[in-house]
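Structure first, then comments.
Labels for the chains are A, B, C and D, by order of writing; each one numbers its residues from 1.
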């Protein structure tokens, strides 16, 4: 143990929700200047623990000490007072308010008893600059921002507190690689200033790059705390999952697995996209790369009829289709797993089963009887390994990763011909991630055409049969499966000449 | 608790009653005595035109208001939100039509039951060059300042139905009033029931002066007759609520021997509640609405219908014109308030008119009858 | 699906979760006991049946309101719709028995139509339903007064009134069976079935997160519009029963919209949508009606009634709300 | 209520003022053709008086609605406040200030009760304030048979009837109150926190906002505004009136004015300036119809249509804005 008292000491933390034990006897400490990573499967209790430390939940048992002094945190405000800041896994932002207002919510700077708007703007600007985000105006409404920019705002919001201990619950889930680099720099600077960081992530590379120590949680219990230097990825995975994971990515499609062209897009565009040409073949996984705001999600949303193409043509299996609404897209056999799970993926207060049945119920009258449909969805929920107290549990009580799996099951139940995945494994643990990767590959092998957007470059490179990189609403170029991360980044930032297609 | 002091009137008696509760703060013994005396008085004026008759009139001089016609009459109306006011207003419009060329323009503003709006309305009318102003106040006390302002503007003001607490209008027109109404019904019910019988009192809503006086007179009568008033309930004028209340009281007490109510709106519903429960309809009072009169006749009820005649809506127009002619008018102008009994029931029951029409409209001789009221 | 921990997922926990019907059942039981103490013969079958029959319109309105509320909207127009329907029925039937059925049909169509307009204005023109239905409330009240010149005309036929007023007498066991109760039972069964169907589930999803619902292929606007139509239909049926029970008056529907919303919330349905059961909503309405009867039996004085009513509603909702909350 | 609108609406709406301008222009023309004058002194004064009464309530209502709550008890608070004020004054000018203070204190007490029910006891605002309204109704019904008390002449002459040109003092009071509230929303922590709580209570809580305090404060302020409206009405009516609030439909009309003014019923978006626009719009419609002597029921139909149409127009504008 380090000499100065630890910044944070947790002893015997326990928490139950509606009688279900979610955390049990967790001990953990963070020293000044230490980056302490917390890893574990989806639903292991990481976010719950972080919310307890930041005052969002009250623990049932156990004690919290901050810098050696015992604290009872009656709410987030108490935690802020104690110098604890948090970047939440789910965004905690008000879409109707500006960036500056969001960043300072709860602790607005005042002068003569009045909110000092100028100070607020300037402080926000400097915080954003510190994360390397210089072209995000402080008085933009947050609702207008894309997911990645919202993530940046969320980070700035936590930094604004000037905390002694900063909790980061999957801060990079929505970030692209170069932004992750910037975040690394930030964390190191914080570290140098003696600030402790609790870092939760499913990206083990980050964990190894950043942390001094790693704590592994499993099913609400502490498995082990290890020094990062003394452990390896395989060890960590074994602790987390309880078994070895042999290979990360399934085999790619063999040339004769590829079917005919299923989806073609010609000269299509809308307010965000221009001159998009695209071919998607049955049996292939087409990866879409690009920086944040490059139009990847816009492409998926256009294909799914959320904000449809206004020009150009789309054909599906050779027939022209007009994808004017999500419903039309679903009927045409297209499925879309959105990147904003909380806002667009789940119906929070409905059960797991109802969530999984939603699309089927809405669009197709039960083809082979209600009972059969329910049985099939139950099988799918089991197949994607959803962890819940039961399929009648409200989905909002599931961990983020498990929610994502339920959303996947919803679409799989429809046997879609084209699957649009927008960051499908965001916030998903290693075990489940590889399960999802297998699933995606299996779907392709069974003849579906998969379009997968991912900001996780290793995943993009590991999963795709072909990679299309977008920039400024256009397709910047196409890369073969054996491209490197550098190739993708070069295309995305526009340094390399656009490759022929 | 926080007893409001010094409402209009104030001197309240509190006879120890059985279940009738405390006497209303609106109860004024002197007014009560006066109204009861008026019930027996003989009106002056044409016998076939009760709306021109006066009870114990004191005439006032109006020569200062004399003006050459035709006239512009303005009317600030409290509301048009119930059948009584509807029938009344139609009668008033017909009266205006009947006056022909004597009235050049008749301006009507409806305050929709809002004091605040009526104050604004009156203020507004003052800017419109009216020759006379007729006001049917929404609330006595609260409209007093506005009416005073109108008097100060120099034009003759005629107030009817509810009064104002100022003497400045040229005249205040209304029938005998609530005490008379309440007393007649309560006397009838107490006389017809067996001693110790149970009476249910149904009221529309609390806090409306006209209705308060009706109940306070009934209370005096019931207390005097030592009637057991088992309940005083508010119905909001809602027949469904009325039926439920009567139903529950029937269940609670087994029988109800008499029903008194402060307005006829729910009379038929009350009667139906007894019928539906398979019980005989006890002595009951209603009002001069035709649906009640019809049930009364069809089912042979023991009933009475005190009235608050809608023909009083004719009188303000007549009064205003007389004032503008410089003729004397009575102030206050007390109109007779007939009661419909078993004996004269047939005279008032006109099956051709709609169920919620008021028999005492005095409108049969007006232009457009009966179409205008259908 | 894997179960993290099976042990506490007993049925008890499931029913106790927010939005369940347990709290309203408890309230209902307390009220029944209180009535039973004061007025034991109220619980005799015939009298209980009559009570259920006369409560049927309000319960139906609560069911209708439930569909709208659970989809995330409000319907403030139901009270005025009931009034309008009763007045229209009286004028059209004009005491002619032969017109009864055509008019009943017309009322249903009219109710559905008003619901449709509410729904389309809310969903297609994106006017908040509070405003849409408040506007509709003003329009209906104004129009019906205008149309009937300020006083209801005509009359309802005995055939029409039968639905709300009469009963099948001498039924074994139950004593009597009001027609209104029959109608209620049928409609309630339909409502429960509907909420179990795909439509019902979708409706809940729409109320919970319309964005997700839309991105799952739900036609959100259509679903919500249907909810409004259902509310309009429920108001039509309620109007037929209520007109039958108490006859024509402008007061027929006054204040019913607030009663219905109160009942729905009392029944554990969340305003804002996405949670609660139609059975709870109907039980909420029944509890309110029972509360009124209770006050009649205990002779709570007329003017104090609203105080007692307000206090009991606040208490009931506060108790169930604080019990189900956790941090 | 949360999902009334999926689409973001720009904050600086007051598009209601466009509707107001149009309404006044068309109204002026129609009244002119009818042979009248819309903007004569008497009419303008009446219009502004009506607006002042509703406006005072609606400004308070804006606060609670912005915070994601609602107050249906305002109508009863108004009535209560007229009575407390008028009875305490009892016609004497000396008791003016204590009476005003007492009326406001009682109103604030009701607001506190509303606030505590909504926060501590987690009763939905709709039900909580409806219930508190019923409690007050019971009190008023059983204790008052009609108007009571007498407003001090000084108050009647000042707040009630004093005016500067065609602008009544009460309307100036409304403008001042609006200014204060606008400033509070834009420039105080309370304002920022209130809008945050209305936008997303969980986000606000996790950001360290003390939601409960903020909401309780909003409810107290709302009731204070209703109390102020009551004092104003007492000054107009000359006495306390137990039904003036409900007869005036101040509960529903204030909410309608707030929503017409562009504030989202779900909370978190809108402002007090729009509310005043909404109030003026409603009052203008009234004034125009009054001038034209339109039948009250026809007027009600038109009002219903105009309210829906006005909001529909903003909704469309917002839709187009969001699409661009």
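Here is the rule we go by: a contact is a pair of C-beta atoms (placed from the backbone, for glycine too) under 8 Å apart; a residue touches a chain by one contact, two chains touch by 3 or more.
By chain, UniProt protein names: A = Sugar ABC transporter ATP-binding protein; C = Autoinducer 2 import system permease protein LsrD; D = ABC transporter permease.
Since the model is a prediction, treat every value here as computed from it, not as a measurement.
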item: Among all chain pairs, the one with the most C-beta contacts; value: C-D
item: Identity of the chain that, by mean CA position, is farthest from subunit A; value: B
item: Subunit A-subunit B separation of Cα centroids, rounded to whole Å; value: 73
item: Gap in Å, rounded to a whole number, between the CA centres of subunit D and subunit A; value: 44
item: Subunit C and subunit D, separation of their C-alpha mean positions in angstrom; value: 30
item: Numbers and ranges of subunit C residues touching at least 2 other chains; value: 150, 209, 211, 214, 301-303, 305
item: Shared interface positions of subunit D, touching two or more other chains; value: 141-142, 295-297
item: Residues within subunit B bordering two or more other chains; value: 80, 206, 234
item: Inter-chain touch pairs (all); value: A-C, A-D, B-C, B-D, C-D
item: Residue numbers on subunit B that touch subunit C, as the complex places them; value: 21, 80, 82-83, 85-87, 89-90, 203, 206, 230-234, 236-240, 242-245, 247-249, 251-252, 265, 268-269, 272, 276, 354-357, 374
item: Interfacial residue positions of subunit C with respect to subunit A in the complex; value: 1-6, 8-9, 13-14, 17, 19, 198, 201-202, 204-205, 208-209, 211-219, 274-275, 326-327
item: Of subunit C, residues touching subunit D in the complex; value: 72-74, 121, 125-132, 134-143, 145-146, 150, 207, 209-211, 214, 258, 261-262, 265-266, 270-273, 301-311, 313-314, 317-318, 321-322, 325
item: Residues on subunit B engaged by subunit D in the complex (per definition of touch); value: 1-8, 24-26, 80, 107-110, 112-117, 119-121, 123-124, 126-128, 138-145, 205-209, 212, 234
item: Interfacial residue positions of subunit A with respect to subunit D in the complex; value: 54, 56, 75-77, 80, 86, 88, 92-97, 101, 105-108, 110, 113-115, 117, 141, 143-144, 157
